[in-house]
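The letters A, B, C, D, E and F name the chains in turn, as written, and every chain counts its residues from 1.
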Amino acid sequence: MGAMKPSPISPTIDLDKNGAQHGHLRLPYSRDDSAWGSVMIPIAVVRNGDGPTALLTGGNHGDEYEGPLALFDLARTLDAEDVGGTVIIVPAMNYPAFRAATRTSPIDGGNLNRAFPGKPDGTVTEKIADYFQRELLPRADLVLDFHSGGKTLDFIPFCAAHILPDQALSARAFAAVEAFAAPWSMKMLEIDAVGMYDTAAEEMGKVFVTTELGGGGTATAATVRIARRGITNVLKHASILAGEIDRRPTRWLDMPSGDCFCFAEEDGLFETMVDLGGTVRHDQVVARIHPIGRTGVAPQEIRAKMDGILTARHFPGLVKAGDCASVIAVAG
Amino acid sequence: MGAMKPSPISPTIDLDKNGAQHGHLRLPYSRDDSAWGSVMIPIAVVRNGDGPTALLTGGNHGDEYEGPLALFDLARTLDAEDVGGTVIIVPAMNYPAFRAATRTSPIDGGNLNRAFPGKPDGTVTEKIADYFQRELLPRADLVLDFHSGGKTLDFIPFCAAHILPDQALSARAFAAVEAFAAPWSMKMLEIDAVGMYDTAAEEMGKVFVTTELGGGGTATAATVRIARRGITNVLKHASILAGEIDRRPTRWLDMPSGDCFCFAEEDGLFETMVDLGGTVRHDQVVARIHPIGRTGVAPQEIRAKMDGILTARHFPGLVKAGDCASVIAVAG
Amino acid sequence: MGAMKPSPISPTIDLDKNGAQHGHLRLPYSRDDSAWGSVMIPIAVVRNGDGPTALLTGGNHGDEYEGPLALFDLARTLDAEDVGGTVIIVPAMNYPAFRAATRTSPIDGGNLNRAFPGKPDGTVTEKIADYFQRELLPRADLVLDFHSGGKTLDFIPFCAAHILPDQALSARAFAAVEAFAAPWSMKMLEIDAVGMYDTAAEEMGKVFVTTELGGGGTATAATVRIARRGITNVLKHASILAGEIDRRPTRWLDMPSGDCFCFAEEDGLFETMVDLGGTVRHDQVVARIHPIGRTGVAPQEIRAKMDGILTARHFPGLVKAGDCASVIAVAG
Amino acid sequence: MGAMKPSPISPTIDLDKNGAQHGHLRLPYSRDDSAWGSVMIPIAVVRNGDGPTALLTGGNHGDEYEGPLALFDLARTLDAEDVGGTVIIVPAMNYPAFRAATRTSPIDGGNLNRAFPGKPDGTVTEKIADYFQRELLPRADLVLDFHSGGKTLDFIPFCAAHILPDQALSARAFAAVEAFAAPWSMKMLEIDAVGMYDTAAEEMGKVFVTTELGGGGTATAATVRIARRGITNVLKHASILAGEIDRRPTRWLDMPSGDCFCFAEEDGLFETMVDLGGTVRHDQVVARIHPIGRTGVAPQEIRAKMDGILTARHFPGLVKAGDCASVIAVAG
Amino acid sequence: MGAMKPSPISPTIDLDKNGAQHGHLRLPYSRDDSAWGSVMIPIAVVRNGDGPTALLTGGNHGDEYEGPLALFDLARTLDAEDVGGTVIIVPAMNYPAFRAATRTSPIDGGNLNRAFPGKPDGTVTEKIADYFQRELLPRADLVLDFHSGGKTLDFIPFCAAHILPDQALSARAFAAVEAFAAPWSMKMLEIDAVGMYDTAAEEMGKVFVTTELGGGGTATAATVRIARRGITNVLKHASILAGEIDRRPTRWLDMPSGDCFCFAEEDGLFETMVDLGGTVRHDQVVARIHPIGRTGVAPQEIRAKMDGILTARHFPGLVKAGDCASVIAVAG
Amino acid sequence: MGAMKPSPISPTIDLDKNGAQHGHLRLPYSRDDSAWGSVMIPIAVVRNGDGPTALLTGGNHGDEYEGPLALFDLARTLDAEDVGGTVIIVPAMNYPAFRAATRTSPIDGGNLNRAFPGKPDGTVTEKIADYFQRELLPRADLVLDFHSGGKTLDFIPFCAAHILPDQALSARAFAAVEAFAAPWSMKMLEIDAVGMYDTAAEEMGKVFVTTELGGGGTATAATVRIARRGITNVLKHASILAGEIDRRPTRWLDMPSGDCFCFAEEDGLFETMVDLGGTVRHDQVVARIHPIGRTGVAPQEIRAKMDGILTARHFPGLVKAGDCASVIAVAG
């Protein structure tokens, strides 16, 4: 295999210049409604000399909002003079999905978080992944990638990092999670990490921190506050911003096995029997699915396979067989 | 004008029989994928002799879930022997919309709550309205119609009735609201009541009680508990069920003028600055709209036009110009 | 009410000229993809002097094919010299639906057979109905309108006329049905005749004959032969063509009540237990609906409410609650 | 019939205030993706005292661009001090269509120019028409409404007014057309004027001037210059602006009969044989339609039914039977 | 190339347990309307000890119904005590297609019968193929895969196997076809066998039997009876069920060359001139295609290229250039 | 890697026979609406003995019309006796796109001009590319491929060839461009030539000539005349037709760098400030983008990065961020 093709993406700003710059990653995209069109992904770079680089990203999935809200705001307000090093901000990584308010790209159905390392001559989503893989991730020391449950899941607000074979890297990531100071913190053991942005960063030895801060395709004032505080804390922790970290108590969780997940086996009207953060006992009915075609028929009951805390739930009022109904985690 | 055509809808059960019955309102609907098809709207009737009749309805808008959850459950569990009179339960009035999880009907775009009094030879939505207008509402003494914010709005949970010219009727409705015992209670002055189910019932002199119990196109265990308790309380209040009403403190609100409503004037990323139930001061920024095409641009600020409580908010992460951003109510 | 507006439809041929002419009914239709576009409905007129006029129509529903096949063929081959009077042929009345292969119009969802008397300033479908109502039906002595089951129903092949209050007119129609000589013949008592082409013609005192010749959105060589023979026979019966009628034995049927119709109450996989023309006994299982989400669950059984002949059935492999599953008729 | 309902549309600016104001006509529109949403139609009013009022409109059809381009520009640059009277500017009347770049509304399929006088409780398009009918047209002395061919037609650039029964009004309109000074000017005799904005204005005795300035769903620098000059000239002609009219030679045309229009009778690949403005002789082939399914088949030829000038043509590369292929006008 | 990834599909039942079990193959599928969703493919296993294993499959194409009807029924009624060995039943292999009533998957457009051997990290359809390739086919001794013509073709009912290089395997398959006892039996020589389920099974040395039992997107009572009898017969033939095979006469056919297939070269209204099972002579007109845009134009005639039996035909009323119009087979 | 699979495409005519033949390239394409369907790409071959072969193609992008118009016409009228050698004519290479009037294929989204060398077992678009790559291009000495701007761009009419490393081949191509005699001629240096039909031909050492003759998804009588004259001239230049070349003056242009291209950075209403062929100065405003949500806001200005001629422009009235707004070329 010869040399890889260069990325077709070109930034409209100089990524290495000092000061605050606002521009786009321009990705040529020929299509029926624009023969010579492009996808324009907003990017800001705030740099002040040679310190460490943080890469802050939101909109990896297009229907998750705490990250984009905190990052558009940060990009507008962060003063280069306050920075020691570089902050690269991409508030809406999968911009076509973000603009369409969908998890995956409306152009190619691509789930950006399963498209790494990407391809320079692949789909639009794969081209975005490739640009992060080969251009942005190598610049970073620390990556903070914001997620929430999106339109179809809702989570208790937590910050997380992965349990990795490289224990030193893992420990550095958990220290950053601790600094983030979300109400909950999660140690994640990824079963199937193939194609993830997380994995791409971790394999380069970067400190990678992620979140689930809520969901339902919206954000609250409270969850956005958590995101804002988390960013500032992590940048201070990384010595890119000066000042005291605003530390808050956090409760550590962990998801030890596949028994954490409860799946629906029927279509119907979804009823969670426990609200997020509630305590669950083994065999307790955590959710019910009511048939909708007629009255008088018993609902399907979904029972917990373990004790724990209700950490995530199916969000929409209707549910389909195969959907994840409930997620239970245990104190970590 | 001669006699009106009969409704094309036929119930598959006898609405006047004692005991609990489960069936459908069958509405013939010829279409490309079923030449001789029908819409089948689930209905249950639980009757025990000649007492008062309550008509309980959900799914007037198809993406609101507390009502359907509480009513499918009630229909399955209500024992005719416990009833004195009749309980008619239609958990999903606009069944095509409910099945599609949309506010309005996917068949004809009809907003059922603006389609009254309906037409027997109109659209599918108008035929449903006509059947309630001429067949079900006349049977009822009391109507309890469940709403929530749906996929695009979120509300603090309240029960409500209208301030009507007929003050005696109004007073009876507010008494039923009091019995419902939601955390909040609302006195509504409808500016434009044309076409509403509420108005249709009130013009027949029926006690009409409604709710907004949450939103976002989902339901929580907490909001469903409010709905369940409310139903039982109201049926006891109406002497259809026996037993003590489970009274809870409620905070009365009222929406005195158009200044309660704040509208977006830009498209963009929506940020509520206050969470539901929060206190708001006149001229405070209650929401912001961030442009999404580039970083570094100031958001539009939406300011409160009065002091009050944040009662509802735009739910999805993105917003369009013209959308209702925030609703503020005052202590009633 | 003043004078009605004239029809916007203009024929591109002279409807009163002797000889065979082929042209269109041009209906102006402004739309996004053609600001000054039109719907062009094919029409042929074959005339030879002042004898009676037959109006032959197919494609009233756009997914029924015996009529269009026999009529496009007739229009091409009918020699004016063989005709005594006038034959007006519209093989595809609801041409937009016919072109889209759908029952109803893709433009406005209109079911042409429920759109009479139509409106000159209404939807495209209503404009077509109005043109037949005010321009073509008045010219006709006899109307032969072809139907089949379309994509979603399948019928035993029969020719039919209505039992009408005007018994003389009814008798003339049944005589034409007898001449048509389909394998089966039906006496229909229309419960709800509002909006039908049939009714429009009958109210003008025209002899109106219709058919159901098969279905499933296709035609067989055998059913097209029935249609061709029927046309020639009826034109001979009406003295428009000369020669002997090709008489064949037919079995008369009748549908005495709503008990003829069996409806599905579940969604699922449809299984007819009897084939078309088969004998059915009261309470026999005529069809079953198998749940498709899992194996091991009993199907819903649909039972005949009367003895008779299986005259029509749901056609597609899947079925929805509310669809007509089976139709049973009795010897007439 | 009692009093008509008030319009649901409310302007966000005071239409009667002096100075330049920019705002919206807010039309409440509840829908699946915004329960309490609105359509926001941009409007500007530039007023300086009590002189005459001109109502300037574009985007009556949403895919016609000279009007919106000239009017957004005018709204931004017109100085109230230069005005004597009032200029009301609505650059995109059918704003939902304009935003979707379609002739008709994506919400309801409405062709605004056939929706007058509209209805306050009708479709979104009918509500817009009603607001112009009852609120804006009554304020105007002069109406200038911009059209072009849209995506499916292309025109030589002309300004036009109607030949009306009220000859004095007609003469005043033609004088305004003369002032507009487009390369071509047209006297139009509307065959079917029902539902038009033009007719609504003329029936109130307003001077109504319109244009066709190009087409194809685009605008050129040249056609926008014509629009800009025309506006200034007409406002000077109406004494709302001061200064000399920039008069240019114009060639008057007229469309005497239905023979001006040539329609396609086949689907296929469209070839105009004459370019816009070209001279055409009776029986000349003005356009051809090539079958696209195979090579070697002769095209359908479309022949002129009169001598004249090629004034408009079908624009897209493919054509459907019934589309207007060519329009020929004669020197007026 | 290293080891292949494991399949992401997990069965919810133990495939090796004795007795009758009903469950799903759960295939994780993240998408916009369910971030952590799955496809749930119904599966039943009926096992009684160590005898041979039959793998019975339907819904390989989602619009073919004899297989699913016979297999859902079998799964519900087969008693483990009657079985000697194992029967694995997957009534709807391409479950997303089956649920959508389409030939190919609505998720990815995949034609499952061209997706073998599949990929564990490919599309949903490829993941299903991979699971059969690596998990289910290796368990089987005999595979019986049901097909019919689907919505767009109709076949005389036949059972079939392939003429294979491995003559012993071929002979065993033809013996199973003989046991199936359909009215017709076919020896197929597959020209292009790449990607087929058939080929995947045959290359593992499995006896592979398939069918075409009708079509049009429906099933009749008669064709389902053929499927039911065929299954029982084949399981008896394989000694998995005890008892006498219900042998019936069958007529063997064969499709010797590409001349068996007649293709449409025009779009239009399709007329078969011969019904299924009819005798055809070389050069006979077997089908005609009538232009639909106007009357009076001659149809395209499609002529047989050989003598034989009409074995399949285009089903829908309209046809497109390139569609297979007619298939002729010869006595084998 | 073993031998490549043969193409699934079969021509219905003998490509090597003398005389004029009209047929199709039949590409089997199984899909939901035709299980055994095909794509039928029209092709004509006009041959007279063993001279050179020209391959003439249009519809590489489906919304560009000068090529198809000139080539359908040529195929119908070219007399084999006038030819010395072979002319292969494919007026609509990407026939599915051409039929849908879209740039790319509606089947698979494929941009044929980026799909070379294609794959015999790939998508429909890749199968077409593969057939040209392995079957048609090898037969050609000269390739003339017609392009225009399509629906979203408009060009001044030019003929073009590439500046290639093989200078002799380049010179032969420029000589053919000179013979074509369009009003403008372009020397193109392709930055990213991967996947292009052009590159495929040039790598085989074929003389490859292309055009951009207009755009907007239409053609004018003038641009079709340029295409017709160009074909005849090039065939004469190649000694396939006899007679004198109709030489016309042409102006040579060249696009020296990426500064030729101006991109939009906002969504809005597009205004070109210069018309095609106009002279542009460095820093001149060549286009503006007006915000459409409100009046009174300044447009974005797009400025030329070099002196030159306006060679192409965005066509539709609305523009999206990332679209190519303007293209400037310099005298070559």
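In this section, a residue touches a chain if its C-beta (ideal position, glycine included) is under 8 Å from a C-beta of that chain, and two chains touch if they have at least 3 such contacts.
Treat the numbers as computed from the prediction; the structure is a model and nothing was measured.
Chains making contact with subunit E as well as with subunit F: A, D. Counted as hops between touching chains, the shortest connection from subunit D to subunit E is 1. The greater number of contacting C-beta pairs, out of the two interfaces A-C and D-F, is seen for D-F.
Ranking all chains by how far their C-alpha centres lie from the centre of subunit C, first place goes to A.
Averaging Cα coordinates per chain places subunit A and subunit F 43 Å apart.
The geometric centre of subunit A is 35 Å away from that of subunit B, both derived from CA atoms.
Centres computed as Cα averages put subunit B at a distance of 58 Å from subunit F. The set of subunit B residues touching two or more other chains comprises 24, 40, 63, 265, 293-294, 316, 321. Chains touching one another, given as pairs, are A-B, A-C, A-E, A-F, B-C, B-D, B-F, C-D, C-E, D-E, D-F, E-F. Contacts from subunit D toward subunit E in the complex involve residues 265-267, 293-294, 321.
The touching residues of subunit B, when paired with subunit C in their complex, are 5, 8, 12, 24, 26, 29-40, 121. Per the touch definition, subunit D reaches subunit C in the complex via residues 61, 63, 102-104, 111, 114, 149-153, 192, 194, 261, 263, 265, 316, 320-324. Remark: subunit A residues 20, 22-24, 40, 42-44, 63-65, 68-69, 72-73, 75-76, 89, 91-92, 98-99, 101, 154, 216-222, 224, 269, 271-275, 278, 290, 292-299, 315-318 touch subunit B in the complex.
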